[in-house]
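Structures are listed in the sections that come next.
You will see chain A twice below: alongside chain B first, and alongside chain C after that.
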Partner chain A sequence: MPDRLRAALLIAPALAVFLAFFLVPLGQLAVAGGAGGYTTILTEPRYWRSLASTLLVAAGTTAITLAIATAVGLFLARTRFPGRGTLLALLTLPLAFPGVVVGYLVIMLAGRQGLVANISLALGGDRIVFAYSLSGLLLGYVYFSIPRTLLTVMAAAEKLDPRLEEAARSLGASSFGVLRDVLLPGLAPALTAAGAICFATATGAFGTAFALASRIDVLPMVIYTEFTLQANLAVAAALSFLLGLATWAVLALARGASGGAAA
Partner chain B sequence: MSVAIRLAGCGRTWPGGSIALHPLDLDIAAGETLVLLGPSGCGKTTLLRLIAGLEAPDAGGRVFFDGEDVTRLPIERRHVGMVFQSYALFPNMDVAGNIGYGLRVRGVARAAARRRVDEMLAMMRLDGLGGRRIEALSGGQRQRVALARAIAPRPRVLLLDEPLSALDARLREQLRQEIDALLRSLGITAVYVTHDQAEAMALGDRIAAMEKGRIAQIGTGRDLYHRPANDFVAGFVGDTNRLATPEGERLVRPEHLALRRSATGGFTVVQATFLGPVVRVLLRDAAGRELRADVPDEDVPAPGERVAVLFQGRSLETEAAASPA
Partner chain C sequence: MRRGIGFWTGLGFTLLISAFLILPVLASVIAGVTANQFVGLSSGLTTRWLVEVWANYGGTVLLSLRIALATLAVTLLIGIPAAYVLARHAGVTARLVEEALVMPVAVPGIATALGLILAYGAVGDLRASWLFILAGHVVFCLPFMLRSVLAVLLALDLKGLEEAARACGASWPQRFLGVVLPNVSGGVLAGSLMVVTLSLGEFNMTLLLHTPFTRTLPVGLADAYTALRTEMASAYTLIFFVLIVPLLSAMQWAASRAERLGR
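On to the complex of A and B.
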């Protein structure tokens, strides 16, 4: 009994914080939507479209980020060369940037006066601008997500037993075979965890979307518009709840698929 | 299918400039088991990895398999089997998946691969464990799976790096006998790394005793034990005493000394330890020099008694011992 009492005492603070800052507001949010809010978002195709594009951008961001971070992370974790530290520092620099700054970086690159536009113009082609579209947002999110994912992959790659790879090679495995049978399975838990964070961040990141604004219709932007510009509190709350629910469902699916490996 | 291995001028210097292996020549006959024996850090693993193709020798070194120059051939094309101390089994595959891996990546037909895996499971006494996960195996079972995995694709050479050192003594002894029988029945060329001299004696056709990046001596266990090339080999392969004789200093094995009680004897018994087959007696003379003698457990002099030491048997003819110390 004292044991159970002590356990209860130990868990009490965490439980209190969880209740005060998570469950209660979440419950309020769920209720704030009201019957009206939920009816509106369920019947209005515009909201469904924006949910779909939000999840699509998040999925794309996750896939591209994981691919790049895995390749770069594996390389950096196993190769020592002069300038490696500097390169790593540069690659992880965006870790310190707010989303809005990342948005402006994308505009500098692919906006109307951006680098890509000027080069394509100088080459005699059309002015190529994609900063203000979903591709621009995707670029920003990828840029934003790579540092954290890269660090996670590198930490995991350094912990892989190099003997496993040597064993596979001694048995005749090609580089691709080693990647498929040893490296990726070994990195799977880290990749799932990093991918989950990447996905969750991309569904909710507001700053980048806000900076690129105009033609983008992702849910965080819609919620912002409904809430501040139209003072449509019920719809904003219902949408928030829906976004949270959808993200949670995707993460739960990913966790289930990886056998509970993700954190 | 076994091949002869030849190393010519193979050395290995690390990027920092430290030398793991001085350039050496080594011939291993087809079907022979060569044991690399030596203390930690003497370069055994480095030499093994040179043969495997996991390390490249310094410029000028060449590795031949049956006369074919394989120096530039990466490990995946050398067709060698490797067994690591840490087992290095693939945790994401079951036992059968591990054993069949080399067959799968080499494109062996599924049915043939399955037959070979079953054959290996039976040979290594792992029947019924094909579907087990690796975490659910004991240390001895894991080592058997690692062996089976290395042997399944019928490699040209089998390379084992301290395969038994993670196991307890009894299991080590048992697996050592199994490996010995296995290597003989397969007739495969094998290189076996160990720092345990008993293991080396029991397994190898020949033993290469290594010291600080060089092969100090290569020969049968008997050669190394009775005719060590230098003090290092004499000391590493078995115990030795330094005995001052009229002809100079001699190295003598403890079992070649006999004791006789004598009030005028030159030595006093310091300690007598019962070891089972023999009693190890520690002796000291007036000048404080110590000797160790292994004697049968019959009427052993007790600590404090004075004894004369009789030298029965041969002294070790090392070059170092022949010159005055």
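On to the complex of A and C.
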């Protein structure tokens, strides 16, 4: 059998699945919105408000996750101490927890009977509850994003050349100077890649918002409501298609900027 | 070795973040085996909630396992040959095909699911069958299998290996089964663990794709979070953890093993 024919036959099943169960459905999604669907979402202010809160949560998630993951990742990559492995295992345990379970964990942490509420009561304060709000959702997305971002940062930190840092120090750079001028620029491609994944995930996921059962109208929740409760297929389809296009573009751009490190 | 203030600050922060990730998990696990969560642990430990959850939702666990294994079988069958072809071909076409095949990861599950419903929701009995969910899971999980196997293939001297085998008179099936497959076993293992983990936890797509007859574990969990008392919801989550945590640990082990072998 000629090599080309064999190659075509071997890749055909994967391509067929992609065409039938991804490309065709996405095509249907694009047209199902119709002129009406797209006009509605562009002209009604509540879709713009929902877009704004979605982007706000996604940007907040990305900033907080990157800050935490950089601090913890640099610390774990550059120090050795007893228990380090255990700590790393704990930090990456939630790697593939589904968003819906993460939502429940946020309730365990910050819900009405949550850890924070009980601790604040025990300390004589008010019952602190913030699980069912935008900050609860933000907390959930940060929880969800830390393990993966941390792994990316650590992998990049271990590849940094320690001599650069030594050179900077011997030239009199402060710790902050080293961080700003040596470490962060070295980590920049990894941070761009990881940040884009954080952003895209926080924009498109809705398991967490669903579990928090809140009236947070982030875009995926709006799509779900339009589709199931309002049976407003055109709007749901138009919103989904634009959302898909946006997350795909964010990831593609970040991959270009980071030289292929992003997923 | 003397540790400076920087070390203790770093350690303190890292411990704080670990606590943020792990305490809610512990709280949930404990609530799942506590007789009365409102009273606390002093009310005693019980397996009552686990038994009740299994009686009501055991079916969702079995369905999720069935879908995860079927997803694994399909992604293995179509993913490994596709990765092989992509590794053997360096041209623009191959890169475009690769780009296309990993696209479903970048698009929110809710968008893909809505597209699947629009495209095939009215085709025969497909909508009511678990195969409908399977189609979605295969599209979403295939990129992970593909990438995992492709990464290992690209690190090998695939062409050299195959040439050597051919020179010894091996036919293509002999080369593929006897030389290529054994060399990518690490990537296949890592990809398989990832696929099963993701399929078991998939919610973003499955919430739209499921019907009352095809309720998966995460969909059941979401239902429990809104409808059941905390003890039951936690017991249900505990069952999910028992399934997913060994898979996640195995995944970390496989990843570190692949890294060691790759060096």
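Rule of thumb we're sticking to: the second predicted complex is superposed on the first by the 216 of 263 C-alpha atoms of A that agree within 3 Å, B and C clash if a C-alpha of one lies under 4 Å from a C-alpha of the other, contacts with A are read in each partner's own complex, and residues count from 1 in each chain.
In this text, contacts are C-beta pairs under 8 Å (C-beta built on N, C-alpha and C of every residue); 3 or more make two chains touch, one makes a residue touch a chain.
Computed from a prediction, not measured in an experiment: that's the story for all the values here.
A.B. asks: For A:G33, select first, second, both or neither according to whether it touches chain B, chain C, the two together, or no partner.
C.D. replies: A:G33 sits against neither chain B nor chain C.
A.B. asks: Kindly classify A:A168 by the partners it touches after superposition: chain B alone (first), chain C alone (second), both, or neither?
C.D. replies: A:A168 sits against chain B, while chain C stays out of touch.
A.B. asks: Who touches more of chain A, chain B or chain C?
C.D. replies: The partner making contact with more of chain A's residues is C.
A.B. asks: For A:G195 in the superposed arrangement: first (chain B), second (chain C), both or neither?
C.D. replies: neither
A.B. asks: Examine A:D181 and indicate which partner it touches, taking first as chain B and second as chain C; both and neither are also allowed.
C.D. replies: first
A.B. asks: Now for A:G136: first (chain B), second (chain C), both, or neither, which partner does it touch?
C.D. replies: In the superposition, A:G136 touches no partner, neither chain B nor chain C.
A.B. asks: Going by the contact rule set out at the top, does A:L76 touch chain B (first), chain C (second), both, or neither?
C.D. replies: second
A.B. asks: Which part of chain C faces chain A closely enough to touch in the complex?
C.D. replies: These residues of chain C touch chain A: 6-7, 10-11, 13-15, 17-18, 20-25, 27-28, 31, 37-38, 74, 77-79, 81-82, 84-86, 88-89, 97, 100-112, 114-116, 118-120, 135-136, 138-139, 142, 146-147, 172, 194, 197-198, 201-204, 207-208, 218, 221-222, 225-226, 230, 233-234, 237, 240, 244-245, 248-249, 251-252.
A.B. asks: Residues of chain B touching chain A in their complex?
C.D. replies: Residue positions touching the partner: 52, 54, 74-77, 79-82, 84, 86, 88-93, 101-102, 105-106, 149-150, 153.
A.B. asks: Can you list the chain A residues touching chain B in their complex?
C.D. replies: 161, 163-164, 166-174, 177, 181-182, 185-186
A.B. asks: Taking the complex as given, what residues does chain A use to touch chain C?
C.D. replies: It comes out as residues 1, 6-7, 10-11, 13-15, 17-18, 21-29, 32, 68, 71-72, 75-76, 79, 81, 87, 89-101, 103-109, 113-115, 143, 146-147, 175, 200, 203-207, 210-211, 213, 220, 223-224, 227, 233, 236-237, 240-241, 243-244, 247-248, 251-252, 263.
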